[in-house]
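What follows is a set of structures to go through.
Here come two complexes built around subunit A, the first alongside subunit B, the second alongside subunit C.
Moving on to the complex of A and B:
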């Protein structure tokens, strides 16, 4: 293995990265991370550690194509401005209607707070409002050393070694699943948006060009709004790192309301830190790491990358379901020129299960999730990305409900996959759904019968009495 | 914990077989089947009960006891009762054979 690496000793290299404490941190984490029983001392150990491997049950099969159909010839690079979280909401409803919905939401939450409605009390509001984020940018913090400043050649490893290295790094820093996708001009590259998000709502974000240049460029026209201008991703940055951060079931199952909303917010908070750390890590290795520029925005279709990397399958909710945590994960992406061995999509029966389950659609308070059995190529509006045979969500309805109720994510909480899979029963039905779809309807009925799903009534506020483990990971 | 439960179950089963032999109790294949299925259901419900409690599920733990635990218990009890009845029947017929007890005469 040594023949691939730079001449600097791995221990020195790790120390230079400021990761000398990883061993100490890992020993502290050893109790909570399965498979890690001893500290990690150097890069070789990091690459070989269980943290860098993704062991899964045999019923999760690797497949050549994603379980959802993709027509790359239809797909075009997307303009982020169209999403409901940017300019899409006012465009769909009209400015006056959009303003009315927004003010109705503020009125509702104020009233419910005064009424101490479960999920909207002052304590719940304080929980949701505690957001605190690190600065986040396309090029990263650039505060770590580079091989040039350290006087060493850049890191050289095989794509497989690099993949294990990055996976180990990300898992140590809180990522749950980590995967990789290679960018190809006529296919996967289309998952990178044509336009990025802007800081100011309703402003067209910078153009995202993929050009044959050596260095990335970040030139928004108006730094105050983050709008206009352009960003350039060098063509040599051919690899996508896609990682997930795990959410707490106890918070997610208290949707809709401020408690469950906090868990989504917290993942975005955490990712601002993790993204910067990953960008710094890649910088010291001698490579670029290009990331999101806004805490809540994505410069690419992260679910698409998660599916292609094999983190999970997409579903009726249009997010990623992983076998381990269902929808209770948030997916984030960084593009790099560090060669990485790409993963393969997985099949564990989700898209077949979604055809008959429909629990998310049944419970969706906005009726935004379609009840159609079969997915469709037909998009509902410019806010949907064409080219995927999907259950396209009526985004304006979804977003309007989130505004009027202050928060939602009911679909995340009711999904049968969104539970802690420690019980033999939940493992058994997952294996059954993966191999014998004929039982899918019975599995859905049993999920209802066993009382899985959202916490309601008094159960919502019991959250504050729970003795939760760190991060609420029960 | 499940290792200890497995060990205890293994020891318990060996003990049961020895006890049945010492008492000359014959257990039919279907009584064994009922007992084993019932025991598996009981174990399944216990594992799910404990895991659901750990996952702080409010309804599922009780439902597991009801849906899997109760039928499991019924099957185990049924196996025990059937085996015991069979044993009583065989003891009675043995007593009749040896003349210790008279065969019941049907009433006219």
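Moving on to the complex of A and C:
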């Protein structure tokens, strides 16, 4: 039987929920409130909800199951080597064809740079090439103090307090959304990969074991490539911290090319810093923080965790759409033994909308995104993770286009959800889509009619003349 | 909020009746070309046809060496005659090579005098005609894609 307790006032509670209006307090405690399909039992549970992290509109409903079907009995822990960013590309195309595609990309980008093609100019190339990352590791930098060195016992809080703590920490370090998932052996644990990524492309990464041990272990066979060997996640590390970093629509709407490519790259740069900071933070509290060894999500299925934590819904593009920023976020994950109050999935109509809209599939230059109305259990190849009823992407086509065009992200840019944050029209149609699917087709048509989506031609290079806010967050 | 909702609904319903879904491509999106096409060989229509049909050529040897391979014709000037057989799914390049296209409608985006590149598979000799037939051809603006890829060419083309 769960125990409930309250440590803050009703006023604070309402403020945290973003429901400061008079008269809502009476219905909030122990009752269903707008935006929540299940009752909130107490203040701590409410504050730990994703809804407390941000003032989310009432049309975003918490639900018991994700809006996309998952069959945990089918799902197996995945080998990251299979993805296109690791060994999957050469496996799918064959070595000579893969080399040809890589060479084609180099030839094209060199040609377009000479031609000053919008999105590929020298300035754009310099923008994309400025990447600079902090060291990133499974165990973290381990450069912060520990409770032992500070002479104090480790932090002890309720899961709700801990969640609040981590969320506050991550928000001030640049995270946009923060949520939590509890690992369970036969379900959520399967989202942790069976094999991690290696530093060198085409090399099998270390095995990721989840064992009943006290301390994590990081033993790749070849430290130079990061391949082979194993890593151990202690079974007591049962909680997943899922956080997102927000991308700039101004950059992504200039896809494909070096300008939009930089925005993905920047998220990976920033992530290396934030992950290390979070790992250090957890270390000083007296807990472990186990993360990726690569700048991108290689040791787990981050979209799955984002959905389960209630950050957003997954979609035809197979990424996470949040109500606030659509596809303009990148999701990252750290596993910890700090107990955290898990969130719940949300429903704001995305998967229903995706059935009708199909704009990403219409615009996909590689024709890699399926146009089927209904999602399917059938995977396209070993590079897809079975067990989710999804619109599985033809990854080899997607990746080949990214290589030959130098970059892509067209699907991110054209998605109707990837629009200006908090604009009245965007908020209104999203509320409609969350409430009823009957306007979905009209919303898609309206999106086309308004010319939303990608910048083209000279508009691409006008990026350099924009007076953008910090991080380009428009 | 309710007013906004109503206004947006009205706009949506109006616009729905006025326009259709489009799958238009933004102009700056690079063309998607099957990866194997990057392994093509740059040639002119005259040179490849000479390998088959000129007095110095050897049709049997040319068939053995060049049939089934991918070639690109670069900087082809669009002429009036290129539009004559659009309905039959092909276009002439230099009145020597009949190019059957993946999407012949791509040609309609160009006007006479424009320069294009045409890449496709050499399907060899056509009976009763001293020219070649190319299949699965893709038309693109001249110089828009680096064909062949650096190091991608694997065929030595005769030059007479």
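Going forward, the second predicted complex is superposed on the first by the 421 of 474 C-alpha atoms of A that agree within 3 Å, B and C clash if a C-alpha of one lies under 4 Å from a C-alpha of the other, contacts with A are read in each partner's own complex, and residues count from 1 in each chain.
In the analysis below, contacts are C-beta pairs under 8 Å (C-beta built on N, C-alpha and C of every residue); 3 or more make two chains touch, one makes a residue touch a chain.
Keep in mind the model is a prediction, meaning the values are calculated, not measured.
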| item | value |
| --- | --- |
| Clash or fit (per the criteria above) of subunit B with subunit C on subunit A | fit |
| Partner chain in contact with A:439 - subunit B first, subunit C second, else both or neither | second |
| Subunit B versus subunit C as contact partner of A:101, first or second or both or neither | second |
| Subunit A: partner with more touched residues, subunit B or subunit C | C |
| Which of subunit B and subunit C A:424 touches, first, second, both or neither | both |
| Contacts of A:249 with subunit B and subunit C, given as first, second, both or neither | first |
| Contacts of A:206 with subunit B and subunit C, given as first, second, both or neither | neither |
| Contacts of A:111 with subunit B and subunit C, given as first, second, both or neither | second |
| Contacts of A:449 with subunit B and subunit C, given as first, second, both or neither | both |
| Lowest inter-chain C-alpha distance for subunit C and subunit B in the superposed arrangement, angstrom | 7 |
| Subunit B and subunit C contact sites that coincide on subunit A, given as residue numbers | 424-425, 449, 455 |
| Residue numbers on subunit C that touch subunit A, as the complex places them | 1, 4-5, 7-9, 11-13, 15-16, 18-23, 25-33, 35-36, 38-39, 143, 145-146, 149-152 |
| In the complex with subunit C, residue positions of subunit A that touch it | 93, 97, 100-101, 103-104, 106-108, 110-112, 115, 117-119, 256-257, 362-363, 365-367, 400-401, 404-406, 410, 424-425, 427-429, 431-432, 439, 441-446, 448-449, 453-457, 460 |
| Residues of subunit A defined as touching subunit B within the complex | 249-250, 419-420, 422-425, 449-452, 455, 459, 466, 474 |
| Residues of subunit B defined as touching subunit A within the complex | 44, 47-48, 51-52, 54-60, 63-64, 67 |
